[in-house]
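Next come two complexes built around chain A: one with chain B, the other with chain C.
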Partner chain A sequence: MVEIIISVFLVFMVIGALIALETTDLLSSVISIGAVGFALSICFLLVGAPDIAITQMVVEVLSLVILIRATIRHDLTTIDGDRDFFGLMATLALIFALLLLGLPAFLSLPPFGTPAMSQMMESPARHYLSGGLRETGAANIVASVILDYRAYDTLGEATVLFTSILGALAILRVYSRKKKS
Partner chain B sequence: MNQNKQPGMSLIVQTVARWLKGFIFLYGVYIIFYGHLSPGGGFAGGVIVASTFVLLTLAFGKERSLGKLGKLLASELDSLGALMFLLIAVLGIAWGRIFFLNFIEKAVPTGNFKLFSAGIIPLCNVAIGIKVAASLFMIFIILAVIRVQEVKGRRRLVTTEKRRKE
Partner chain C sequence: MIYAMCFILFLIGLYGATCKKNIVKIILGLVVMEYAVNLFLVLQGWRKNGQAPILDGRTNLEEFAARAVDPVPQALVLTSIVIGLGILSLMVAIAIRLYERYGTFDVTEMKRLKG
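Moving on, here comes the complex of A and B:
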């Protein structure tokens, strides 16, 4: 049942993404992107990942507000320019070739709903699930993984965020400090 | 200070924002502090806290929200969150020679009024929350300040502060 609902949402997301690409109005494009994001959030909720669903939802709302506020209110309302036919065909051919190459990998995946990590007896995922509460004291297993067992990854993630915002500030700052004085 | 006719949105939006901003902020703080017990955590809660300031900016104009959380303070808070996270990691080395060692005493969360059960995990959540909130607010301010304007037939990026002086 869950698979059918997720499939419906996936089709909806593909349609929304296509609308966002093909429409000429920037506002409808941004709203279509928002619809895709909310559908993705519901998909996360359905497969049992409420942490990611919450994060996806709030980031979607904030980025929608930022996009509308920061881009739409300017005079950049239309997207013009035709798509290169040869480039489009080349992209489609490349995607098709990658799909053909990736088909054996799809066939070897475990069935839907069974995590691949727990199929091995000595996998770390099994250890986290069985001993996570006792070893870290966090009832939320996701928190115990991202901030205790795999905190180094989270440090890298925080560094990525810090660096990207540093870069965005450096690029978007219009006035320099020397000019001001 | 404000030379615009409308510094923000309409009276209805301003009233609702005035009532709701505290609750939204509190919800973000709740998501951050309960990140180790219920779904959520530093990233999601930080975004909700940042959205409070975004709401203030949209409803009351830029000066109101910058008066509460200035650009300099936001960048300092951003760095503070990152340094706090790193400090927790390095304290693990000082304690037991392991990076990110969970050095505070851990307990299985039982009963009421026992929020901090998971050692360093709530502290890390708070650090990440501060960092994410400050940095996302900064991004919003930077993007909202800049305008694209036609100057002498060319599109250029202009700040609103500059435009007001002209």
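Moving on, here comes the complex of A and C:
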């Protein structure tokens, strides 16, 4: 049942992504990406990941604000056409070849509904699930993984986020440019 | 089946990132690729008739470990989503600067490499 609902949402996301990439108005393409992101959030909710669903919702709203800031004040928002014809055809052929070559790889994965931890007795996920409450005291196992078992990952994430925001501010600041001229 | 559709969504994002001239469309293609990869990784951890890996007061631990979905991909994707926001803000900042310098979002017009 969950598989069918997720398939419907994935078809919706594929259509939304195609509209976002093919429409000429930039504002409507940004809003289509927003629709894709919210469908993704519902998919996360369906596969038992409420933390990711909430985070995806917040991040989606923030990224919509950022993207609309990038597009709305510029009058030249419609650029028609793709790259030149031969290059476009070559790229599409390569993407199609990638699709044909990549699809057999998905057959070697375990089928949908059987995670890798159900086949390995000593997987860390089992350890987290059975001992997470006793060892960390957190009722939410995802929170115990990101804040206790793998806290160094979260430290690195905070570092990357800080660095990227610092880079964006350094690119967008205006006062040092005035001094030069 | 579902994995293949995630792969198709990824390829649509790849098409947007490689074939489009508008720099905002390229950014949107990268965002679509990120969505597809995040969804694929979370779907890897789904267990049939599973429940979210959150304990409440009444759950038995043995039964919980046998029924809950895999928490490790969820934790890593949570990291990945937040990093995606940082990358997006950096890309949009560069796009705004490029627009101010060249007066267009068209990447084929951006030819002057000298500052």
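Details
Throughout what follows, the second predicted complex is superposed on the first by the 165 of 181 C-alpha atoms of A that agree within 3 Å, B and C clash if a C-alpha of one lies under 4 Å from a C-alpha of the other, contacts with A are read in each partner's own complex, and residues count from 1 in each chain.
Following the convention adopted for this analysis, a residue touches a chain if its C-beta (ideal position, glycine included) is under 8 Å from a C-beta of that chain, and two chains touch if they have at least 3 such contacts.
Keep in mind that this is a model prediction, so the values were computed, not measured.
For chain A, the partner with contacts to more residues, out of chain B and chain C, is C.
In the superposition on chain A, contact is made by A:Ser130 with chain C only, not with chain B.
Of the two partner chains placed around the shared chain by superposition, chain C is the only one that A:Ser29 touches, whereas chain B remains out of contact.
When the two complexes are overlaid on their common chain A, residue A:Tyr152 makes contact with chain B while staying clear of chain C. By the touch criterion stated above, A:Val61 is placed in contact with chain B alone, chain C being left untouched.
Common to the chain B-facing and chain C-facing surfaces of chain A are residues 50-51, 55, 59, 62, 66, 69-70, 74, 76, 133, 139-140, 142, 146, 154, 161, 165, 168-169, 172. By the touch criterion stated above, chain C contacts chain A in their complex at residues 1-9, 11-16, 18-22, 24-25, 27-29, 31-32, 35, 38-39, 42-48, 50-56, 61-62, 64-65, 68-72, 74-79, 81-90, 92-97, 99, 103-106, 108.
Contact residues of chain B toward chain A in the complex are 31, 35-41, 43-44, 47-48, 50-51, 54, 58, 75, 78, 82, 85-86, 89, 99-100, 102, 106-109, 117-121, 124-125, 128, 131-132, 135-136, 138-140, 142-144, 146-148, 150, 157-159, 162.
Within the complex formed with chain C, the residues of chain A that make contact are 2-3, 6-7, 10-11, 13-14, 17-18, 20-21, 26, 29-30, 33, 36-37, 40, 43-44, 47-52, 55-56, 59, 62-63, 66-67, 69-71, 74, 76-77, 79, 81-83, 88, 91-92, 95, 98-99, 102-103, 106, 109, 112-118, 124-126, 128-130, 132-133, 139-142, 145-146, 150, 153-154, 157, 160-161, 163-165, 167-169, 171-172.
On the chain A side of its complex with chain B, the touching residues are 50-51, 53-55, 58-59, 61-62, 65-66, 69-70, 74-76, 133-140, 142-144, 146-148, 151-152, 154-155, 158-159, 161-162, 165, 168-169, 172-175.
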